[in-house]
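Chain IDs A, B, C and D follow the sequence of writing; residue 1 opens each chain.
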C-alpha cells in the first residue's frame, strides 16, 4: 500500500434505528472503487467509531474489506489504553485491513514519552503499516515536531502521516525537511479545507471525508504535473462545498453520500445532531449550482 | 438494591502482562463481602473501564457477579454514544449486574437536552436501576441542578445520585431540597475526601474506591446514629490515607489492595503510571502508622 | 450606530520591539474609512487584546477614535471578572468608543445564571450599546439559545449579536426565529469563512478581521439586493484567501495589512507565532493570482 | 530573600461593593507579621488577580509592601503575553515587591520552547528573583521535568519552584534529584493538602493560602528537626480544615480571615461564588472543634 493520492475516510451508514447498514457500506465502498481512489479508511471520526461497540467495529471492517476487493482498507484503531489499541489493531488485521490509523489519546498528564510508547506498543502488536494521525482538535494531544520525527525514525511500521494540526502547511514543510533518516508520505485531512496550500507545502494527497474524492484526485493529479493553476482552479470551484461540508457534525456528509446513492439514510447516531432541514436545503442548492445536471451517483468528471 | 451505605468502586486486577486477573477479582469481591459492604461497583474510572475492550468488560462483570453471590454488583456502562451505552447496559444486565452507573459524555456542543436524552435512552434499554454519576472532573459535563432534578423526576429508573461535583456539600443540600416529587439516595465519591462534610450535608453514604471501606462504613453508622464526634474522629484519623489515596493515578489503590491480599499485582494498564517506588514507601509507612500491627487482609475493626 | 453591514475587527499594530504603533493604527483606520465600512472594532482576539495592559488598551481605543472621526468604534471590553469588565467598559466609554463587544469568560463551574449576570452588570456600568459575542472556540463558553434570547430580551443595551458558534447558519436561523419580543441585528465573524451560508441564513453582515472588507461589503450589498448568484460568485472567488487568512495565528492578517500599506510591521506579540517565510510566500502568490496588478493600498473594486 | 519556610498566599480583601479594601489588606499583612511568616505573596489565584485591573494590582502590591515593613512581598505577575508579563514584573519591582511569581500561560499550540522564552523574557525585564509556579490545574500548562530543569539551569533569576502538579511528591523528588548544576528551594501549595507527603519528599516549605500559616510553620519546623511523628500529628489534626479550605472558591478562606479579624468582609468578586450559609456553618463548627476557645485573631500556638 502506497499512502499517496486520495484515501477517503468513510462514514458508517446506519439504518433509521441506528443499526449498522452493511448494504449501504458495500455500496459506498463500491462507489469509491468506481471513482478510483487509492484506498479507503473506516472507523475514523467521520465513521463515528467512538459510538460503536467492538463487535460493530469488526463488522464495519469486514464489510468494507469484502466490498473493497483489491482496494486497500485502512481501519481506525485508536483507543484510550495501549492494550485496547493493540487488541483493536489485531482485530483489524484478522478482519483483513491493510493498515491501521492511530491517533494518540489525551492523558491527564501529557508526556511525549508515553505517546511514543503508545505507538511503539501498537506497532509491535501487528504487522500492519500504521498511519500516524496528528489531529489535536479531536485528540487533545499536541505532538511536537521532534516527537513525530522520532516516531517515524524509530518505528518502521509507521508508514504515513495524516497531518491535521493547523496551520498545516508549515508543519508539513517542517516534517518534510526533518525526515532525513526515513521518508514517508504525508497526507492531509480536515475535509481538504487547506488542500491547495497543503499540496503546495508538499503533501502527497488526502485522507479525508470530502464526499467527492474525484475532486481531490484531480487536484493531486494536477499537482503531480505541477499544473498549479489547475489545482487552484479546481480548489476554488469546489471550496464552497469543502467549507460547507467540514462544518461540525457528520450529518452533512452523510446527506451528500445519500444524494450520491451510496447510503440509504443520513442517520447519525445519538447524541450526534441530525440533519437540520434548512441546512439540507442550503446543501442541495449549493450542489446544484456547483454540479448542475450532474448524475451524482456516478463518478464526476472534473 | 438500596443504594445507601457503602458501595466500593473496585479496581480491575491485572496480571503482570496487563491481562485480566479473574482470580484476583474474585478474591477482591470476597474481601468486600467479608467486610460487609452494601454492594460493589465495577468498571468505574478506578476500574480502568476505558482501557478495556467490550469482551473484557463483560468478563469483569461476570467474574464479579459470580463472586458476589448475594451482594449487588453495579456496572459502569457509560459510552460516548447513546446506542453504545444502551448496548453496554443490556450486556451488563444479561451478565447479572444489579444496576448500572452512568455518567454523561462530553460533546462538542454541550446541551442539557441531549444529556437528558442520553439518560432517557439508557433507562429504556434495560430494566436495571441506574446510578447517575455527576463527576465533571472526569466527564467534562457540568449538570446544572435543574437538569439533575428533571432526570430524577422524569426517569423512574434513576435510583441513586453519585455526587462528585466540587464543592459537594452545597450541591448535596440543593439536590436534597430540590427532590420534591421523588426522593432517591445521594452517595458521594472522590475517595471520600470530603466524607465528613458530605455526610453533614445529607449524603447517604459512599460509592468510592477508598481501599478500607470499613472506615467509611463506621462513619456512615456513626452518622446514622447522629454521633458526629465519632464521625469526625474516624474521618480525622484516616484522612491522611484518604488524601494520599486520592492522588491521581490508580496504582496507589491497587498497591493497598495488594497489601490487603486481595489482588496479586498492582499493575496498571499503560499508559497509566506504574507505582513509583518512593510513593510505595510513603504509603507503606503511612499505613503502618495508622494501623500498626493490623492484619490488613482481614476486615479492620474501626 | 446600526450594527449592520461590515464592521472589521482591527489588528493592533506593533513596532518591531512590540510597542504599540499608533501611527499605523491611524493609517489602518484611515484605510477602513476610505473603504467605507460601517464601523471598526478594536481589542478583539485579532487585536491581541489579551496581550495588552490596561493603559495600552486605552491608548488603542483613543487612537482609533481619533482617527475614525465620524466612523463608530466598537471596543472589546471582556474580562475575567464582572467588575474588571465594567471598569474596561467605562474606560472605553470615556475614551470615546461608540459601543463595546463582550464575550463571556469561562468559569470553573459554568452557569447560565452567572453569564446573564455578567452581561447585566456590564450593561448597568455604561450607557454604551453592547455587541454580544458568541464564540465558544475562544471563550470556552457555550451559550444555549434560551440564554441568548433571555439576554436580548431583558437587557435593552444588547444591540447586536456576533454569532460565531459553529455551525453558524442553524444558530442564526434559530436566533432570528426566537427573537420575538426584541429584534437586533446578527453579524458573523470567523473570518467570513461561512459568509455565503450565514447571509443565506439571515445574518445582517460581518464583524470580522478579513483584511479586504470591501469583498464582504460587496457580498452584503448583493445579498440585500437578493442577488444570490453575485454573493456566491464573490464568495467563491475570494474563498481561498478567506480560508488562508483564518488559519490560527494573527501574523497572516497583519502581513496583508502591511501589504495594503496600512501598518508598518507584521510583528505579533510573543508568544504569538511570527510569520513563517514559506507562509508569507504562499500568501503573496495567492493575492497576486486573486488581485493581479491591483493597488492593494487603495480600496479594491469588487 | 530565602524562599524556604512558609510564605502565605494572601487573599485580596474587598468591601461589600467589591472595591479594594486597603485597610483590611494592611491588617491581613499585620497578622502575618505577628505570626512570623517568611514572606507573603499577593496576586495569586487566591488573590483573585485575574479579576483586577492593572491599577488595582499596583495598589494591592503597594499596600502590602507598606504594611509588610521588612517582610518580603512576592507579587504574582503572570499574563497571557510575554510583554504584558514583563510590564507587570517591572511594575511590581517599582512598587517595592521583593520577588515575582510566574506561571506560564496556556497557548493554543503548546510549546516548551515558548514557555522557556516566556520565563527568559521576564527575567530579563526585571532584576527581581522569580518563583516558578507549576500548577497545571489553573494554568493548563504541563511542564515536563526537563523543561523545568532547563529553566532553573539557564535562568539564574529563577529562585524558587512552587510545585503544584499532582501527584506532587514524585515530582518534588525528581526535581531535587535533577537539579545538579543549580539547586533552588521547592515550596508546595494546593492549600497544603499533601503537606506531610511533600515535606517527606523534600519540599522546603509552603507557599499557599491556608489561613493558619502557624500550622504549616510548626510542620516545617518539625520536619527540619526530623521529628516526623510531630509533622504527621499536626498534619492529621488540621487536615479536616486543610481539606475543607481547599474546596473550589475563595470565599471559605476569606471567611476564615474574617473570623481571624484580618479582613472586614468575605466578599468575593463576581462571578466568584459567595459564601453559602450552610458552608459557613460547617466551617464555623469545624474550627470550633479544632481550636476550641482559641482567640483566632492572635497567632495560634500549635
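Criterion: a contact is a pair of C-beta atoms (placed from the backbone, for glycine too) under 8 Å apart; a residue touches a chain by one contact, two chains touch by 3 or more.
Predicted, not measured: the structure shown is a model, and the values here were computed from it.
S.K.: Supply the minimal count of touching-chain steps required to go from subunit A to subunit D.
M.R.: Steps on the shortest route: 1.
S.K.: Could you tell me which chains make contact with subunit C and subunit D both?
M.R.: Expected: A, B.
S.K.: With centres defined as the mean C-alpha position, give me the subunit A-subunit C separation in Å.
M.R.: 33
S.K.: Can you compute the centre-to-centre distance for subunit B and subunit C, using the mean CA position of each chain? Integer Å is fine.
M.R.: 47
S.K.: Between subunit A and subunit B, what is the gap in Å from one C-alpha centre to the other?
M.R.: 38
S.K.: At least two other chains touched by the same residue of subunit C: list those residues.
M.R.: Within subunit C, residues 109, 111, 248 contact more than one other chain.
S.K.: Show which residues of subunit B lie in contact with subunit D when the two form their complex.
M.R.: Residue positions touching the partner: 166-167, 169-170, 173, 193-194, 196-197, 200-201, 232, 235-237, 239-240, 243-244, 247-249, 276, 278-279, 282, 289.
S.K.: For the complex, give me every residue of subunit B touching subunit A.
M.R.: Interface residues on the subunit B side: 18, 48, 50-55, 79-84, 87-88, 105, 107-109, 111, 114, 117-118, 121, 248, 269-273.
S.K.: Which positions of subunit A touch subunit D when the two form their complex?
M.R.: Residues 109-112, 136, 142, 144, 165.
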